[in-house]
Every structure is written in C-alpha cells, then in structure tokens.
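Listed next: structures, encoded as structure tokens.
Consider the two complexes below, in which chain A is the common component and chain B and chain C are the respective partners.
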Partner chain A sequence: MNSITINKNISPGIEFKDNSVLRKFKNRLFKFIIILLSIITISPIVLILSKLIIKGFRQINIDFFTQVAPDTFEAMTAIASGDIIPGGIANGITGTFLIVIIASVIAIPIGIITGVYLYENPGKRYANLIRNLSDILQGVPSIVLGIIGYLWVVINVTNGFSALAGSVALAIMMLPLIVRSTEETMKMVPENIKEAAAALGVPYHKIIIRVMIPSSFSGLLTGILLAISRVLGETAPLLLTTLGSSFINLDVSKPTSAVPLLIWNFYNDPNMINLIWSSSLFLIGLVLALNIIAKRIIANREK
Partner chain B sequence: MNSERITKRVLFTVSLFILIISTGILASLIKGAMPAFKEYGLNFIISPDWNPTEGRESYGALPFIFGTVVSSVLALILCIPLASSTSLFIAEYYKKTKVASILKTMVDLLAGVPSIVYGLWGFYVLRPVIVSLGLSDQGFGIFTSAIILAIMIIPYATSLSNEVIAMVPNELKEAAYSLGATRLEVIFRVIIPNAKSGIVASYILALGRALGETMAVTMLIGNANVIPKNIFSTGNTMASLIANQFGEAEGLKLSSLIAIALLLFAITAVVNASGKFIINKLS
Partner chain C sequence: MKKNNLDINNSILTIKDLSIAYVKGKYAVKNVSAEIEQNAITAIMGPSGCGKSTLLRAINRMHELYPNISTEGEIFLNKDNIYDMDTINLRRKVGMVFQRPNPFPTLSIYDNVIAGYKLNGIKLKKNRRDEIVEKTLTDVSLWTEVKDSLFDKGTFLSGGQQQRLCIARALAYNPEVILLDEPTSALDPVATARVEELLIDLKKKYTIVMVTHNMSQAARISDNSLFMYLGESVEYGKTNSMFTNPIDSRTEAYLTGQFG
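Coming up: the complex of A and B.
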C-alpha cells in the first residue's frame, strides 16, 4: 500500500481509495452466490427422481409389465379394499415401442443419408438451405407436429387415429437431430481413410457404406439414441394422433396407447392417481438409460 | 450412368425430404388456417375472445399469444441467474474438476425428464408450495408454469454457454489477473464481454424451447382462455390450448386451432432463427 500513497501525491487531482477489502469481499460473496444458485439448479432433478422412486416403486411388479391398464372401476374397488391397484401398463409399453420403432424406421435412413449429403457438399447453397431448414424443423414445437400428423396421416391415410400418425410426427422430430449428428460425426472421420479407399479404386457408394459409416458408427449410434430418447417421453403429439387404446395393439393403422398417454389418462382419473408415479418412473428410467448409454459411447470414443 | 453419379443422385434425392417436409408443414398449416383467417382476417390475432359455444362462436388468439410470451419470458428471467451460475461453476470456477462433471451430468438429466413428468411434479409438489405461500388460491397460473418452464430450459441455456465460457482465451484472463483483478472482475470484465454473443444465443434458443412446451404448461397454467391480469393469475398458452381443445374440434374451431399452430410455428421459427444467426456469426 505504501507505493500507492506515493502515487496519490503525484496526481493530486485523483483521489485514491483503497477498496481492496471490499473487492475481496465482493469476490467471495459472488463465488458463494454462484455455488448456492448451482445447488438450487440441480435440486429439482434430485427432488423429481426421489419423488418418483419413493412413490412409484411400490407399484412396480410383474403385473406392471404384463397386464394392461385397469379401468377406473377396478381401480376404485382396489382402493376401497386397501389393495394396490391391479393391472399394469403393458398396452402403453408395447404401444410406445411400436410407435418409436416405426418412427425410427422412417427417420434413421433419411436422416443418415441427408447427413452424408450435407457432409459431401459443405459449401453448396442448396446444402446450406437444407441445413437451415433442418435447424428450423428442430425448433418446431412438438404439438405443431402433432397437428401435422393429424392432417397428413389421420385424415388422409388411416382415416382415423393411428399409431402410424404418431410415428410420422415423432419421425419429423427425430429427423433433424439425426441429420445434424450424422454430419458432425462424418466431419470427424480422418480425410486420409477416405482418400486411401478412393486411391484403391473403391466406388463412391462403397466408400460411404464400407468406410464412412463404419468408421463413424459410434457417433451415428449416439445421435440415434439421443434422438429416440428425445421423443420417447413426448405426450402432446400423440394426444392428437394415436389417441390411446385400452388394449395391446400392434396394428399401425389403429389407435394405440403409449406410456406417456397412459400417464396422462391416469392423471385425469382420480382413482388411478397411484399409477402415475410408477409409470413415470418407468418412462424416465427408459429415457435416462438411453441417455447414459449414448453418453458412455461418446466418452469411450473420446478416450 | 456410372455408379458415382447414381450415388450422388440418391443422396440428393433423399435430402429433398427435408425440403418437402418443411414446405409441406407450412403449406398444410396455411391451408388449414385459411377458413379462420377468411372469417376473421387479421382480427384473429388481436381479438381477445375465445368462445366455442355454438351460435355465438368467436375465436381470437390474443390471450394465448399473450400467455405464451409472458410465461416464456418470465421463465427465461427466472432461468438466467440459475443457468449462468451453473455455467460459471462448470466452465470457470471448477473447470475440469470431478464436481463440475457431476453437476453437468445432473443438468443433462434435467433434459431427459419428459414434459408430462415435469407437469406431475409441478402439480403435486410445486403447486402446494405456491398455495401455502399465498401467491394464488389454487396454485395454478402463469407464475407456476414459468417456474417449471425455467427448470425445463436450464439444460438448453447452459450447454452452449458452458462451451463459449470455457473457450475464452486464458491469456486474456491471466492478463487481467496480473493487473490485480479479482475473479469477480475477471468474470464481468473479461469472460462475459468475450462470451456475450454465445451466451445470448443460448438464452434465445432456450426461449424457443419454452414457447413450444405443452404438457407441463397445460397441467399448471389453469387453462383460462382470457388475458391474465397478473403473473399469479391463470391463463393459457397457444400450445396448451391446442392440446386441450383439439380433440373435439371441427369446422371453424379446428381451423382456428390450426391458425394458432401456424402463429406458434412462426414465432418459434423467428426466435430460433435469430439464435442460430448469432451462432453462425460466431463460427
């Protein structure tokens, strides 16, 4: 501090204030606030998961996976006699798998091929247009895609609510995610592998199928898994397209249930409230498992 | 024709799907919205009435545009202190430490929670808290949904911010430290000015997410088809209205709901495009 007092004498017009104590205090206070707010940020996920586990665990048993959802009368009698609600969510589980598998069958090939196209033609104006459009598609609210599924498939193709309509809506949600992740992973494939193949006279389509896709396989898989986990919990578009069903249905042209739709039904029926926690626990477990697998693949690749 | 040209043709043809789907969505929404816009003209956007009673039908989008914008902006305001603190924690204070990666994983988990589960949690856990604080009678309303939306968009707000904050060159920070700056001063004078546009872009994209959220909002906003009086009163958003009323809709009502979907599509597209525009300028 001594040298500073000299400074003060040199420039008489400027008054020097030693505020280092205040500055250090502010610095420590700010760090404290950052840590506090960070803890607040992660507390919801802890609270949500613990709530689901505590309240949902009791309902999960063999029946939960093999029986269809009970009707409101069955639930009411069970509650009245103090039992746990009978039945399960088998119609939702099979429906979710059906809808998501069809959506994947639509979205994965188109997404990967479009991603390869964007990678192969980076600077073209048309490619930029496709890239921007896929960014816009990624931001379209899921409920709007539900309406699209309704207008395109429910009205014109299946003449009624159907699993296919839900799959189309979910496929449009998955498509931009797969396109962009394919392009990004392709960029990471070393150029010289491709050149080596080309130098050996390997035809263009074989370079893509035999070189590009295998060497970026883990990246493609990660993108696909994340895209699936993103649509797995979607409720809003299914409400407008697949409607729901109280039976196990594997016909894509018929109304079909799904786990999120069942949660919505349980939520709206006072007798079924106990089932919402176990169904939510199952759904969130499925989504998080896919996420964790995808993150593992990324982590392994970066090693 | 040789195989290389066939392959290129195939790649190009498949890439057309994106173009067809995008224009198809826009065309279908415009076509479906036509009857409503023909009936009401641009009054559809500024009319505050939504009355599906037969004989006195009248549809206007204003309460829902208002509810959507207010709840999303409020969510963003609530989200910013939380998301920016988390980003600084992960990308600055505890950069590359175990605790930062745990925090990051937990924030990522937030993105994996389905909207309907957020809704349930909001209904059974958050709503009673709002009631006991005396903020509103039933606990439903703009404020309750904004809190849930804020939690939902945190992962979207932080992921890009983390990257741009971590990318601020060490030389700049070291230069400031060597001049005697405290960490707080380095954050506000060096890191934030350098990472500003990336941080802004990530918040814009997070806002885009909030605008289109449906289920959690439907379960918490109270679904009152009027312009909310204050942030604690009930209201409705565009997405939530569609989810509620699409089931039994036909004729003019159906067309009005599709018109609302078109407006929602336009709003989110503009918000997302401006976010992407800033990101593209960055790289």
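Coming up: the complex of A and C.
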C-alpha cells in the first residue's frame, strides 16, 4: 500500500490546520439551510393544494361541471339539512373558456408577429419603443385594463357588459407576455439555422414561417400557455367587463360568468362558502393541466 | 495579387474587383479578383480575420441577410452577373455548407435532405423525392448509416454525420458550385478525413470553393489556393506550386508558421 505523506509545512511560517471537523460541520449546515429554504419555497403551494383538496373535494361531482351555480336559498337549505350544496359552476367554466379562447385568438397572432418584429429589428428605434411600451403594458394594473375594456367595448361596441369586453381586457394582459416570450425564444434559435435556410434560397418570410417559428415552437407554446394561465384567474377586469351571469352563455355580446367571478360571488354569500374551495381547486387544476399538456407537447416534439 | 503557376482555362466563377465593408470605409475584403476553376477544389486560406469567409459568403450573396454590409465589384457565374440573378436561382446553383453542422432541428433526416425544395414550396412527386434522398445520401456516403432512421431528427446524428447531411442538403439541389466555410473545423480527425475524401470525390461533378484555417487540409485536397491577408488577395496559384515555392514573402511566412 502506498502512503502519501503530505508536508504540512510547505512554506515555513504558514501552518496548515487540520480543521476537517469544522469543515464537515459547515458543509452540513449549508446543506441543511438549503433544504430548509427549499421547503419554505414549496410549502405555500403544498398547503394551498392540500387545503383546497380537503375542503373542496366533497363538492366536486358530475353536477359541479354540468349545473349552473345555485342561488342562496338552495344552498341554505342544503346546508341546513347537512347535504352538499347542489348545482355547480358550469356557467363559470363555459364562460372562462369562451373569454380566454377569444382573448387568445386576439392576443396570440398580434403577440407573435410583434415578437418576431422585435427579434428581427433589435437596434431599431421603433422596435425599442415598442419593446418598452410592451413592458409598461405588462405593469398596468389589471383593474385599469378592466376599465379600458369597459370604455372601449362595453360602451362602444356591445352596448352592455359582454364576454368580448372581458376578452379584450385579458388579451391586452396577454400581449406583452407573448411578445416578450416570442422575442426571447426566437433569440434562442441559432443564427446558423437561419443562414442554412437562406443559403437554400428560401425567401425571408418563409424563413420566419417555416424555419424560425417551428424551431422555436415549444418556447412559443410555453409562452402562450403561461400567458393563458396568467389571465385564467383574473377577476378584477372581468368584474368591469363581463359582469357575470347565472346562465350558461356562449354569446360574446352578452354578459358572461367566469370561474373567478363565481368565486367572488361565493365569497360574498355566506351560504356558498363551500363552493369557493371546489371552484378554486378547479381553477388551480386547470392551470396545472395546461402546464402538463405543454410539457407533454414539448417532450413529444423533442423526440 | 501574385499568380503562382496559375492556369485556368475553364473557369466557372469570376470575381472582379470585389470589396466588402461591414462598416462604411472599413473594408474586410479589398479589391479581390479571381477566377475559380470548374470541377476543382479551390481553397481560400489565411489568418483569422483576413476576410476569407467574407469573400466566400459574397459568392451566394449571404451578406444580403445583414443590412449594413456593403459590397462593390462584380461576380460572374458562367458569365451571368450574380447581382442580376434572383437569389433563389443563385442559391440553387451555388450551395453552401457552414462551419458548424446546422441541420434543421425540426426536420427529419429525409426532410433535411430535400429542405431546399420543401422550404421553398417546390412540390416533388414522392418517388422523385425518394430518389433524390437516396442518391444524395449515397453521394455523401451516409445512406447505409441512416437508411433505417430516415424519419428521425437529423440532430441525433454525430457531428460528422450531421456535416455530411448538410453537404447532402446542398447537393440535393444539384448545384454547380458548393461553398464550404471551414467545414471540418468542428469535427474530429476521423470525421474530417471522411469529409475530405468526400470532397475529393465530389469535385468530379461539382466545383468546390472552401475556406480553411488548416493549411495541411488545403495542401491535401485543394487544386488551387488563394492566400488572403488583411482583406487582400496576396497570392493565387496551383496548390502544389504555392506550398513548395511561394512567391510572396507573406505567403511564405504564413505557410512556414511564422504567423496565423
């Protein structure tokens, strides 16, 4: 067996202390702090989910997805006799889908085209102006966008509260997110892929449509889904634009309910408290599902 | 420019007084003129930043992707001025292979080979497509390696295979000239040797212009060499003559490793 002797006094005057015990302790302490901090980071989501599942699970059944929200009297009778609250949030679910789909139809094309423009013209003054304005737009409080939706669409277009007005407000919220994520994703596509297409004589617009966008597809999709999940739970702008409705409504020019609006209504009605938990659970589940779907699509594309 | 035993009577490309500037007044390529021999390998060499890639990329007008680059002078392909040609036509006739292998990450190996047709929206019959894919992949000696995985993504291949795929992509268009910008600098020695063999084989059918950093590569495979320094073409001639008997003192200094 070879034994290596280390001269601890390599240079005279400098003594090497054997502090391995202290070092190991420091190492352990550091690890402990990291684990503790990561637990603190994830604990809110765990606590929220467990609370929602425990409190809301009982309310989730077929009716929850197919029936409209009950009125106070129905809820009160059910509570008095110890039953679960009848009815569901079908009007909210359909409303949320209607509003968000229309908002996406408005925001996705505009956002992607703007993002591509910013990517293609990085130093131009007009592009910088747009990028800065888009950043400012991202900071505009959602209630202000609700007021804008009210002024533009409720008063001038649909002459009354409407799903369309809510969609416009949410689309404005989604826009800066999609613009930014498009630009960032495009930047990740290597320049040499673009040159490869150009060297084959592919005209500029086809390079963008057939090479750049497909190459950054997973990033674009992630950006879009993030934007959607960002607006899915928005309540304030909808209060001022879509108002809410006790019926399932698929007409964009009519007042429409949405899941967050229903949660707000349930909160204001002491008899409906139990529905808050299940509706919130549904909303979180929807956001999670979107994320999982996005990851699946990305994984499949990368295969 | 000094000519070293240069004797070109079947030129396919003529570069005339070409100057290229990235910034106004600062020329990366200065007044370069050269004839490129058909069915031969012409190597453009020189130290970093001497303008060799810039010169190469002018031949298929790649510089037009970037708005600030200004080009003066003329280049003729078979007596046609390339600046009067449609870029789609020009780039069909002049293919390009880049320093780093860059297959399209979203396309399969099959689609990468016919990417020129596919991305330009040129419709081909299925058996014609199959024929092109098989023929060009055979030409770059990749067919036996990938024939069972044609519909997998090209990015799963090794670096050397990817580069041969990129050469196949350029060949599928049936070009007259192939431009290669340091095609082996990102490859290991084995993959480099295979690409070099391939290029020697390809010059029977195509004209090859390549930029190389690697002098021994130029010596091994090129017929003619153009030595550039600080944007100027210093010496142009038969590779054999130039490597054994350089005329210009700068060429000699470079070839003997005194700078570069």
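As a working rule, the second predicted complex is superposed on the first by the 246 of 303 C-alpha atoms of A that agree within 3 Å, B and C clash if a C-alpha of one lies under 4 Å from a C-alpha of the other, contacts with A are read in each partner's own complex, and residues count from 1 in each chain.
Note that contacts are C-beta pairs under 8 Å (C-beta built on N, C-alpha and C of every residue); 3 or more make two chains touch, one makes a residue touch a chain.
Just so it is clear, the structure is predicted and the values come from calculations on it, not from any experiment.
Participant: I'd like to know which partner A:283 touches here: chain B for first, chain C for second, both or neither.
Facilitator: After superposition on chain A, A:283 lies in contact with chain B alone.
Participant: Tell me which partner touches more residues of chain A in the superposed arrangement, chain B or chain C.
Facilitator: Looking at chain B versus chain C, the one contacting more residues of chain A is B.
Participant: Once the structures are superposed on A, label A:299 by its partner contacts, choosing first (chain B), second (chain C), both or neither.
Facilitator: neither
Participant: Looking at A:21 after the superposition, I want to know if it touches chain B, chain C, both of them or none. Which is it: first, second, both, neither?
Facilitator: After superposing on A, A:21 lies clear of both chain B and chain C.
Participant: Is A:196 contacted by the first partner chain B, the second partner chain C, both or neither?
Facilitator: The second partner, chain C, only.
Participant: Once the structures are superposed on A, label A:215 by its partner contacts, choosing first (chain B), second (chain C), both or neither.
Facilitator: In the superposition, A:215 contacts chain C only.
Participant: So which positions on chain A get touched by both chain B and chain C?
Facilitator: 203
Participant: Please give the residue numbers of chain C that touch chain A in the complex, ascending.
Facilitator: Residues 60, 62, 65, 87-92, 95-96, 98-100, 102-106, 115-116, 118-121, 166, 169-170, 173.
Participant: Quick one: which bits of chain A touch chain C in the complex? Just the residue numbers, please.
Facilitator: Against chain C, the touching part of chain A is residues 190, 192-203, 206-207, 210-211, 214-215, 217, 301.
Participant: Okay, in this complex, where on chain B does chain A touch?
Facilitator: Touching chain A: residues 3-4, 6-8, 10-12, 14-15, 17-19, 21-22, 24-25, 28-29, 32, 81-83, 85-86, 88-89, 93, 103, 105-110, 112-121, 123-125, 151, 154, 182-185, 187, 205, 208, 211-215, 219, 239, 242-243, 246-247, 257-258, 261, 264-265, 268-269, 271-273, 276 of chain B.
Participant: Which residues of chain A touch chain B in the complex?
Facilitator: Against chain B, chain A makes touches at 23-24, 26-27, 30-31, 33-38, 40-42, 44-49, 51-52, 109-110, 113-114, 116-118, 120, 127, 129-130, 132-148, 150-152, 172, 175-176, 179, 203-205, 208, 229, 232-236, 239-240, 260, 263-264, 267, 276-277, 280, 283-284, 287-288, 291, 295.
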